[in-house]
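Please go over the structures that come below.
In what follows, chain A forms one complex with chain B and a second complex with chain C.
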Partner chain A sequence: MTKRNGSKLISRRRLLTTASAGAVLAASPFRINLLQAQEATIKVGFPVPLTGPYGTEAQDQVRAAQVAIEEFNEGGGLNGRKAELLVRDDKLNPGEAATRTLELIEKEKVNFVVGSLSAAVQLAVNNITKERKVIFNSISQSDTINEASDFSRYTFHEALNPHLTAGAVGRYAFPKFGKKVAFLTADYAYGHEMVRGFQAAGKAFGVETLVDIRHPLGMTDFSALLPRIQALKPDILCISNFGRDQQIALKQATDFGMKKSMKIVAPVLLYTGRVAAGAQAFDGVIGGTSYYWGIEDKIASAKAFNDRFRKMHSGKVPSDYGALGYGGVRTLLEGAKAAGSLDPDKVIEAVEALKYDYYKGPQYYRKCDHQSVQSVLIIESKATPQKGDADVFNVIETEAPNDANLRSCEALGHKA
Partner chain B sequence: MAGLSFDLLALQLFTGVALGAIYVLFAIGLSLIFGMLTVVNFAHGAFFMVGAYVGLFLVSLGGNFWLCLVAVPLIVGTIGLVVERFLIRPLYGRGIDYPLLLTFGLSYVMVELVRIAFGKSGYPFDTPELLQGAVNIGIGYFPLYRLFIIGVAVAVLLGLWLFLERTSFGLIIRAGARDPQIVRVLGVNVARVWLFVFGIGTGIAALAGLLAAPLQGVIPEMGSTILAEAFVVTVVGGMGSIGGAVIAGLLVGVVVSMTSLFAPEMAKVSIFALMAIVLLIRPQGFFGRAGLMS
Partner chain C sequence: MNEVSQTLTQPGTAQTNWFEFAKRHRSLLASIFVLVFPLIMPFTALAVNILIYGLYALGFNLLFGYLGLLSFGHAALFGTGAYLAGIAIVHFALPWYAAIAIGVLGGVVMAAAIGGLAIRTRGIYFAMVTMALSQCVYYLFYQAVDWTGGENGLRGINVRDINIFGLKFDFIDPMTRYYVVAAFVILAFFVLSRILASPFGAVIEAVRENEARARASGYNVMLTRLVTFILSGAFCGLAGALAALHLSIVPIEIMHYETSGMAVMMSLLGGMGTFFGPFVGAAVYLLLENLVSLWTVHWQLIVGAIFVICVLFFPAGIWGTILKRMKQ
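Our next item is the complex of A and B:
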């Protein structure tokens, strides 16, 4: 009985203290400062697939984006206004991504949206952002987002697109390895776009497509697709898929002894994929990428970015998609800085005018479709790493940034 | 369809059989446990995955693949014993849904534990050196490792058959599946029989996981895709029938392989189309006993 009374007493006392403290806080100027500081941050919404098959890449994108945010804040921000990153899990699902983006815009009042890691998801995000007139910088590959039907002046594309990567790998491989080509393609937009990129580049070399085998996403066994490719005896096999599909396809093609009779190339080889699947699967495979940390020996901005990333994230190196997260956030923040404002129209103009070298050499956004014109690295998997576990690729060639390797503004439906 | 030669068709058929061997290896454990214990084991995929991870761990400690072939089923089988004794046993006699929900939840716990212990991203698992490369089997080149899997599947099936049909303990298991009450009246400890069967089932699942690791690498989610496929195999073969699992497994492999040749984009759907057709014609599957699920 007494005990009960005692606890009641305490709770009443605590209630009183809390209430009076609240009243003091409400009346103090401190509260107003707090509110102002909150209003003043520049909010960057960052919807990425933290869970699901691209979770590893997405987490690296977040890590790299944080590097860009921290650099911006250390540099004094925008007239003292600091930036913050609002990460949301889009679960690799267009519907989920649209909902999260809408929430970021309506509830959090974000100034920019950067992110997404799938062709379909980025188009869903883009639909929301262009409707609400919020600048979106996509860090996932897509051809469609550059086309007039999906593009808006609020849309930027920091990532490469499949037309460019597949083209670059084709321009490297066709003269060296032969003209008879077989494709093993993931049956969705991104896969089809990669094949189209290869074939467009192949025209100049008289390349002949023997077969284009399209497989569903998420295969764990490719064995049934391989005998037919072997029977056709191609010079080059283009593996036009992504992520775990690619890792398993390469591993099983190796088991079937296909590397002995043909060269295997892939439009995009991922750093994380190579680390997860191991040297055996990727041995001798050639592909393209937007970024590899190993270019730091030659490129100063890469060195600076890697060092910064290593310092913030316990010695890790950034992956290719990670670097895009950095580039995507940094370009918009630098644009805001150059414009001296967060007004979307002013920022768009400033970003369009950027000639930047933040992490991989010179880049700029093409005016008609806001595609970042940049280099493509042609890489080959190393059989044995020499400089630690992260040392997985050799950069064998770099295709310099060139407007002509992109689809033309007219082909994309933009009026000149 | 250019270049459709006899050799290609034969090789494609053989590829299907090899693929089927993997399905069989995975599905027989599931079928064994259901046939004897009437437990729909949704954690089977998780045991498959744990088998791959235990193998990975042993190899990283310096063990070799051949040792793993013995050690992995024993270790994971022992985990299976513990799971049966302390989690599943209290649920016997409460209908089919209790153990189903329990194993479903258990699979999430196991996947999450592996994610915590080994991280979310995958690991490579090299094909053992002796089994690398492809050999000419007369109709074309075929990976040595997949031939090895066919061999292991045959050995496991033969061993299981001998054990169930030719040993007295096997006789008790079969009798216990038919009528546990009578077997109990005869003085047999049925609980111990079931414990043992669950251990064997999970051990075989783990072995299948270990064998799959060099084919596809190792990730925490590797059990979930194959679980769906294995359920198709057991349903087509008839829930609980080991012979049915073998025939259905091979059939699924061949159907997938042949579909891949003519309509590769339908390869995954073909498995479920096959199941739909079989269920329309024979709802209990090839060798299933009607009413087992009720």
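Our next item is the complex of A and C:
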């Protein structure tokens, strides 16, 4: 009797464990792998920093990439072959990103890699993919990736680069607000490249650099630096930093009353940063961006993308960096479709030939460095939103896509 | 109770024999484990990383576990090995084996420099001095943009073919890469085991147990410390060089003090002062990170909780606790 009871007990326990294991499996992302583990899917590896300081942007990039995948699959895929997205957390660390990219290529046998949200990370991923002849589309800013030493024909760059972004903001701001410029710069590659972009654009206007103050990353107090800038009486203050540094610098510059005597510009104004910091700090600040959802009034492809994004993600609108996730995945999938094959060489040719307008107006990849030639939006923070909380920027000018605004192929070291 | 009395009264029982045998041939057993290891891993690149970080923690453990000095600057040794090996390939186009030799040498020289300055201090001061010095090294490599790529990291450490006695191997192939790295790790196992079993190894442990008594017995404590630090640097330099070859990049993050902390964490997790413990620690640390981060973006919360549990309930580390149980 007791034995029987015992065995019953065991079987019930086993039943419970099996059921709970099943439930865990059903709830976990592995389930998707099990269901879709067919040879035929087109795999897109997507390493982005889901955790860490740029987590908000990265998670939005994943959401946007899912939109591209779903669209592709609904459109019938590549002769019926569906696509799937394999998201990995690169933790904003180049070493981790390289390991994850190796996993994606060696184990998952991905067809394409799209992703990264830091200059160092994208260069690391690029080094891995080009050695293994896998196409990589980078969706974050870097000037170095265009240069001949890092570029390979398997490298694409859907994002803007600092030279272009800072240049566009400079070309807008210098003739309007004056020629005496001060810089407040985050002391790392992003900041340096942005300042170089501003100065390159400034040459044509005879811009004079009064000072370039560099501050370490993660600065919480700018009060020692700001009076020095104030004393020099510049016409324009260029703040070339990112994320939280940008929010704090702008807040303190506002408190110091600097906006009264000078115009503050930033190469990249982040949508998520503006939403987090509020209207006052960003009031009157001008900056550049690759995408803002508000252009949907004028651009049909933006409207279609936003609507699709809202439908899939409970009414949210895509952020600037998020939209790049969509563009980066979609160009490669459309390239595969046009080539009718997944053979990297054929896909490269097809993507090079694309003249596309997927979400922000016309774009194309320049032949020599595979940089996406695209528009840059000049935006200004709104004092009071009219259309809900997401309505934070006015697009005051759009710099049309123009090859001439990029560094020339020869300057990058490419043979013509 | 029966078992305890057995081992006490009859040291020659089968059980202790087996344990003694395992202890004597620890490097051989560890090597066999390393050879079958990739078969049970989720992907090979992770297995290679575990080997490399295991070796790094092994080198760290020589100083921490066996000599009893807590260094918070081992990232400088690891990173110097990686950067010098990378620079040898990128800027001087040297063959891969020369790059590894230069990486090891880099670790040794850096250890001699840092050790020479830090070895006079003890305890928390030693940890602080090594950490400060390693930050100096970090900025040195960060500023030398022409050599190291600075913020962007060093790229282009691309090794394609590896020739060993006329045999050609494709280093891009993940399994080949694993076994090339494994060969060096196995070599390191044997070297480390030899060091620990030597009279010098006994002196190392004597210094840890009672410095005053070791000095009174006529051993040169300072020299023992310095030599151990330099040996530790050689292992870490080798690990760094292998990391550079494996990932084909060297990010500046490799020099960050977080990397120093990783060695401490891995040693504690596996079991400080045990031969195989750091390796177990590295495996658990990296596996947890990789698997949990696949499942949720809040992986840090879960991994952190597991670490806390490990430290609370296995103060001797995972491997250390297993060894203790087996001894009983």
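Just so we're on the same page, the second predicted complex is superposed on the first by the 381 of 416 C-alpha atoms of A that agree within 3 Å, B and C clash if a C-alpha of one lies under 4 Å from a C-alpha of the other, contacts with A are read in each partner's own complex, and residues count from 1 in each chain.
Criterion: a contact is a pair of C-beta atoms (placed from the backbone, for glycine too) under 8 Å apart; a residue touches a chain by one contact, two chains touch by 3 or more.
As the structure is a prediction and not an experimental result, all values here were calculated from the model.
On the superposed chain A, the two partners chain B and chain C both fit, without a clash.
After overlaying the two complexes on the shared chain, residue contacts for A:N394 are found with neither chain B nor chain C.
By the touch criterion defined above, A:S408 reaches neither chain B nor chain C.
In the superposition on chain A, A:G55 contacts both chain B and chain C.
Within the superposed three-chain model, A:G257 lies in touch with chain B and out of touch with chain C [touch as defined at top].
Within the superposed three-chain model, A:A277 lies in touch with chain B and out of touch with chain C [touch as defined at top]. Of the two partner chains, chain C is the only one touched by A:A119; chain B is not.
Contacts of A:P216 after superposition: chain B is touched, whereas chain C is not reached. In the superposition on chain A, A:N93 makes contact with chain C only, not with chain B. Between chain B and chain C the least C-alpha distance in the superposed model amounts to 7 Å. 55 are the residues of chain A that lie in the contact sets of both chain B and chain C, per the superposition on chain A. Residues of chain C that touch chain A in their complex: 42-46, 49, 150-153, 155-156, 158, 172, 174, 243, 247-249, 251-254, 293-295, 297, 299-300. Within the complex formed with chain B, the chain A residues making contact are 55-56, 187, 213-216, 218-221, 223-228, 230-232, 244, 247-248, 251-252, 255-257, 272, 275-281.
Residues of chain B that touch chain A in their complex: 3, 5, 7-8, 11-12, 15-16, 18-19, 22, 120-127, 132-134, 140-143, 145-146, 215-217, 219, 222, 225-226, 256-257, 259-261, 264-269. Across the complex, chain C is touched by residues 28-29, 50-51, 55, 59, 88-89, 91, 93-95, 98-99, 102-103, 106-107, 119-120, 123-124, 126-128, 131-132, 142, 144, 149-150, 188-189 of chain A.
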